[in-house]
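These are the structures, in structure tokens.
Here come two complexes built around chain A, the first alongside chain B, the second alongside chain C.
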Partner chain A sequence: MNCRSIAVLVLAWSAVSILITGCFGKQEINDLAMVTAVGLDLYGDNQVSLSVQIVRPADARGQTGAPSGGTGEPIYSIQSQGRTIFEAARNLARFSSRRVYWAHNFVIVIGEDYARRGIADMIDFFTRNHELRMSTWVVVTPDKASEVIATITGMEVVPGEAIDKLFRYNQIVAEAPGSNMMRLQESFLATGAEPVLAKVQLKPRGISNKKPNQFGSLKQVVLSGAAVFKGDKMQGWLSPKDAKGLLPFIEKVDSEIAIVNCPNEPGKRTTLELKKLKQTMKPGWKDGKITLRIKQKIDANLVELGCSNSYAVVREQLEVKLRQQMEDQVKNIFDIAQQQYRTDFLKAGQTFHNRYPQEWRKVAAEWDDYFAEADVTVQTDVKLTSPVLKLKEPTSGKELK
Partner chain B sequence: MNVRITNGMLLALVMNVIYAKAIGITQGIIAREVASDMWLSTLIGMLQGIAAAWLTARVIRMGGQASMIDIASKAAGKWAGKLIAAVLLLFFTGAFATVLVTFTYHLMDYFLPEAPVILFVVAALAVGLYGAYHGVEVMGRMAFVGVFSILILNILVMMGSIAEFDVKNLLPVMDSGLARTVWASRHFDTDWSLATMMIAILLPHVKKPQRWGRASAVSILFAGLTVAIWPILETGVLSAEATREYIVACMQLARSAHIGLFLHRYEMIMVAFFATSSLIQIMMSLFCASVCASKIVGVNDYRLLLLPTALLLGGTGYWIVADHLRAMIFTADYWPLFAVPVAIGIPLLIGGISMLRRNKEPAV
Partner chain C sequence: MTVQPLLDTAITDSLQTNVDLIQRIMGQSVDFIKRDFDFHQETNRQGVCFYTDGLISNTELQHILKAILVHSQELPAEILLQADTVEELKRRLMTNCSLRAIRKIGEGVDGILGGETLFLIDGFAEGLLVVTKAWESRSITEPATDNVVRGPRDGFTENIRTNTALVRRRIKDPSLRLDSLIVGTKTKTDLNVAYMEGIVKPGLVEEVKARIHKIKIDGVLESGYIEELIEDAPFSVFSTIGTTERPDKVAASLLEGKVAIFVDNTPVVLTVPTFFWQFFQASDDYYSRYWVGSFFRIVRYIAFLISLMLPSLYVMLVSFHQEMIPSMLAFTIASGREVVPFPVLVEAIMMELAFELMREAGLRMPKPVGQAVSIVGSLIIGQAAVQAGLVSPFMVIIVAVTGIASFAIPNYSASLSIRLLRFPLIIASGMLGLLGFAGMFFIVVIHALSIRSFGEPYLAPAAPFRPSDQKDIVLRLPWWSNKSRPSIAADAKRQQDGAMPKPPES
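And now, the complex of A and B:
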């Protein structure tokens, strides 16, 4: 074999090597089990029970009933156990006819027992895995995670997609944080902040079309409230009302509603929609003690008037009531963070670190104690800017006579 | 090698040669040292790079518009030239290993985890040989495509990240202190050192010598600015604490990017743009190493030594890339200690010798 032939062979081999790179580790689409939701529960004392909701593409095309060749079941939920998450995932292959594929996962649901034991292994597994999206939602449930991921909610045929959409439209309720894997990893690794995850639970909210008289015969996944962590361990829950106070500290609040009592009219209520909520936290450091000054600036619209007086009459009093309510909301969430859980999920440490980097070095190791003792003041500025379409109160024409 | 390239091609080559490693591997390493000050460290490194590139161009212009190796031969004898060529060959071998770390870990860890390492080494060498064989003008033209890819990639990652950007993650500024931030810039220095050493070999083939100094410095400035966007986004979007966790930090940012609700996981598109820049890095490392090898052996045509050099670079690169921990220890701990002194020391040494000889020459 002469030099020319060797050169041609080497070149041909190199060319083939490059051209077939796409074949390494190839995964045919009909060999994949596409996971759309993952549930993690504790199994025994220290083992993992992994549930996955796998979509059946032929049955999840948006139509009701069984399409030809399909089963009529849009999802296939399975469960396996292992000493680690990866072992449990591999054990799925014992009975799953397809290879589990994580890239289309919408949500990871963690059972309360698992969350209280610690979620460091879960954060590591899902952030080390190149298939998973960092925008995957992460939630905690007081129910069995396996049950939550198998429950069809809303109008979607795939439960994972339903939870994804709940998160998208939950912004208008503002009762649960938009906790995704990226934000969870960030707060878990940060020195001046603790993780907080959204809470989901099963509640009998659905009405069966076949048995409309049996209200609540269908369980639905409800996204409301939050779970508070210290390090990787869950400490407890925040109610939906508490979560409303939390949200402005950790994310942008686009919209929120507040219900206030009508001035001098017990039992009558008015609804205000917060159109703009701007909140700042200014830390201070005096004589070895930390102060936190919270300033809120709120623009609100009156969207439902239940009072007997017109907007012009009640406007100023409603502003005072809303201001009081918003200040109480902030004080309440600080009470929970400082006294009940003694964990800084409000990112006060991060804010303090940014403003006092030198002092932070002194207090960082005992930040939870400093945070618990911090003096908090709240100042809220409220403006009711619009009664939307009408100025007058809803009074019957007969009463006016 | 009688080919001449334009200053624009030089700029494009420098940008490509610096970019691929600097946005990911380097930023992860810097984040492990100075956390949220990684963007400052990168900018400080860029300023040092501008000075070093200007110095290198100045030395070459002063030394009679020949490559650094030829200037050394002229100033201190044939063996001095061979010694400099040997040091530079060693430099490009090390640089190629870090480039291969970048190329392989981007593609293998995120897209082809089951493919063997050797595949990436062979693919890199095949493309590198193709480019290096066709010479500097072909690579210069490809570098224009590379610059276009860099710009598109930067735009795509900005569009996909800006919604998640939190400026508070960049605070407090200079939290690690000036000394540590400056010291951490040595990692970005290793990236521009590949560019300045390429300039040391390539500059005599660039047109308009009067513009060499400015073109070299501006090239590093442009490269630095296109790179600096990444540590700012990585800190602002992922946080410094998350960035420092990853070997290839930029891929973590890329796979977190999404444009609106429906366009996400488009890192495959981004990595295609990245690959252009990475492949030009590979070609240039191989080309410069072959030129150095030809100077050591004493042959005029560097192409004769392309294959042996490719085997040397490929073998070393494979050994380093095959073990992730070894690769990161080499890239983060050992490589800056060799690369930065070479990139600064050789122009200073040769410039100094040239000046001394000029002073000794009797005035006519």
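And now, the complex of A and C:
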């Protein structure tokens, strides 16, 4: 058989195999119900209520191409129940006219009651399914997850996208961890680390353009705070202030702000922007007890001076105050982790494991107890860089005369 | 009745016999002219000349006849009795440059049909064939394909001698050889094989001639006939023989050790061997500065990829791999497709066909109408079809970009074969997604890898990789760094070292 007949054979074979398989696995993009947000609530005692936010492309994207009728709503939110998450997802087919497609999901919202019951099934389902992405954000809400899902929020047309952008922009507030599926699974599977998820809440933050005097008539999704887990069960909330202390332990923080009271001037405040926050945790093992040494190195910028003295005068005092404040912040989060919830969501176990693999075997089983007893010392190093162009105090020029 | 035995007969010394024979062969064609004259009254010798009206210059013939009629009488009678009289006539009578004596009727007939004038004189067993060729032909104009912004504007014409002269004017070197062949049993088309002795790849000229000698066809009306009859991969969609209308391109090919085949009556000259990448090289690349040349060459490679793959990638993503589209884009595409009643595959094929239809219609119609066709077509396809909900706006963009990209490929025949390959790719990816696309693409690549052009791998110098030939593939390196010819050339040295210009020392 020469080359040519082999080539002909290969061509014929591929042509036949393409033709007889037809369009295997084919699904047109406009036959899909693209999910942009998922909500999980507890239904009854032990059942799942799954709400999905599905984008309606024709209305979400305006008049591209031919005019198409519609309600004008960019999303289509539906809910179904089931004994398991997958059953609930399948039950969506009872009323969704299109195949539910998960690959473009932005966010998974878990209701508080569901989170307190345990999220192991949710972690498994959302990591096992090949259509789902590990970069999906995971949040917990004290409200009904279904309500969060169905609320139009943010400036984006699709609310799911708005929450996605919220996460990306939220780092400058530094009040909620950027918890995505990848991080959730990582801390869920790890020994010596517990999951912590961001918190979203519906708050009346929007002002209606038609009735501006009724402030807060529109609910908006607010991303702030965190939910602390032990294993797969939620233990409690972290306030936005607590979450600020948590963030350096689990992710890179930059451009967080700190507000410091002016020295000797009650009621006057100065705002500093932490341009660089480098934090390390050094574990130690001494007489069967864990010690944790936290070291922070902070480069801060002055962004708003409220004191009546010039920056040159108050600078050193501000440094001291900021150092004190940052140390308190770390101590506070350790208090919460060690005393209030007795769960190691600060990844101290992982750090200890890496440093003392032998000792870790002994303490692993009772790590929570060891962690709660751990001796924590904080050392903060603050440097305020000087804004050269504006050293003077913010006083009016007229008063000087 | 076959005239072959008649053509083989020798010219006799009886004028009447010869004339009868030729008239039997040529028949009663109106453009076949016989002109009698008295050659030598003293010995009572008659003469006859034959020519084809329209192929000869009447003025030139008049000059010849004048010379014969006036001066033949002065010839001494004894000369006419000598054996080599025709030689003598050549020396004493004929005023024009090119003529030869023949002994066979067939040669005379070929000459008459080729624009020569045959003189027969009573008593001589030889004829005189005088070259009086002159016919209307197009003047040298800018070629229709392969246009350049910077570079010579002359293009080949339908006259083979003009064409070879255009190349000869560029290479004034005795090693430029032009070998003549004749193909086509009926058309007897002139064909010239051009090459640079000493630079051409060894054995290539013999191979080209051997392949041309194998051609046994009645007619060759265009170089496309030759191309199809001598190419290496007759079943392939890829063209393994280069075509061009530009004399500078032919000259460059010759200097690279290639062979050019000129065919009479067509401005399209063939060059062999040809590599696939050559189709993306425009003459401009070499005439513009190398930065610009390299950049636009890369743009053309991108155009090639777009023109080959863009519609199939779109079909693949939209009907199989929606997760690979960025979310926002996915929503936009979905909204555009909301009211489209066809699957993407059907939509794509429909639009591609509509595009090809418009292109073809615009090409075949008379020029003013052709423009109208494209305007109406683009309006209907671009605007109305979208508003009617028949196609999505995205598909219009995809097809338009693909179409423009395919026009950016300088070589017309390569652009066509890439356009053809698009359809199997679209169908495969519309039926099996990424698997189908990858499968079909691999079949195409493996096929391209398997074919050769006159002994050279088609995808060289990329595969097989030839390091020294990379200087003129993706990038066009500056001329001063281009020291050697491509590796197919026998004489590798192109220029001396130290060619890089620099300012004087002080």
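Operating definition for what follows: the second predicted complex is superposed on the first by the 372 of 401 C-alpha atoms of A that agree within 3 Å, B and C clash if a C-alpha of one lies under 4 Å from a C-alpha of the other, contacts with A are read in each partner's own complex, and residues count from 1 in each chain.
By our rule, a residue touches a chain if its C-beta (ideal position, glycine included) is under 8 Å from a C-beta of that chain, and two chains touch if they have at least 3 such contacts.
For clarity, every value in this text was computed on a predicted model and none was experimentally measured.
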item	value
Partner chain in contact with A:135 - chain B first, chain C second, else both or neither	first
First, second, both or neither for A:94, with chain B first and chain C second	neither
Chain B versus chain C as contact partner of A:34, first or second or both or neither	second
Chain B versus chain C as contact partner of A:357, first or second or both or neither	first
Chain B versus chain C as contact partner of A:127, first or second or both or neither	first
Touching partner for A:14 - first (chain B), second (chain C), both, neither	both
Chain A residues touched - chain C or chain B, whichever exceeds	C
Which of chain B and chain C A:286 touches, first, second, both or neither	neither
Contacts of A:106 with chain B and chain C, given as first, second, both or neither	second
Partner chain(s) touched by A:25 [first = chain B, second = chain C, both, neither]	both
On chain A, the residue positions that both chain B and chain C contact, one per complex	14, 18, 21, 24-25, 103, 133
Residue ranges of chain B touching chain A (in the complex, touch as defined)	109-116, 119, 122-123, 125-127, 164, 168, 171-172, 175, 237-239, 241-242, 245, 252, 255-256, 258, 261, 264-265
Complex interface listing, chain A residues touching chain B	14-15, 17-18, 21, 24-25, 103, 127, 130, 133-135, 168, 182, 185-186, 189-191, 350-351, 353-355, 357
Residue ranges of chain C touching chain A (in the complex, touch as defined)	235, 318-320, 322-323, 325, 327-328, 330-340, 343-345, 386-389, 392-393, 427-428, 430-433, 436, 439-440, 443, 447, 450
Contacting residues of chain A [partner chain C, same complex]	3-4, 7, 10-11, 14, 18-19, 21-30, 32, 34, 36, 55, 57-58, 60-62, 64-68, 101, 103-104, 106, 131, 133, 158, 161
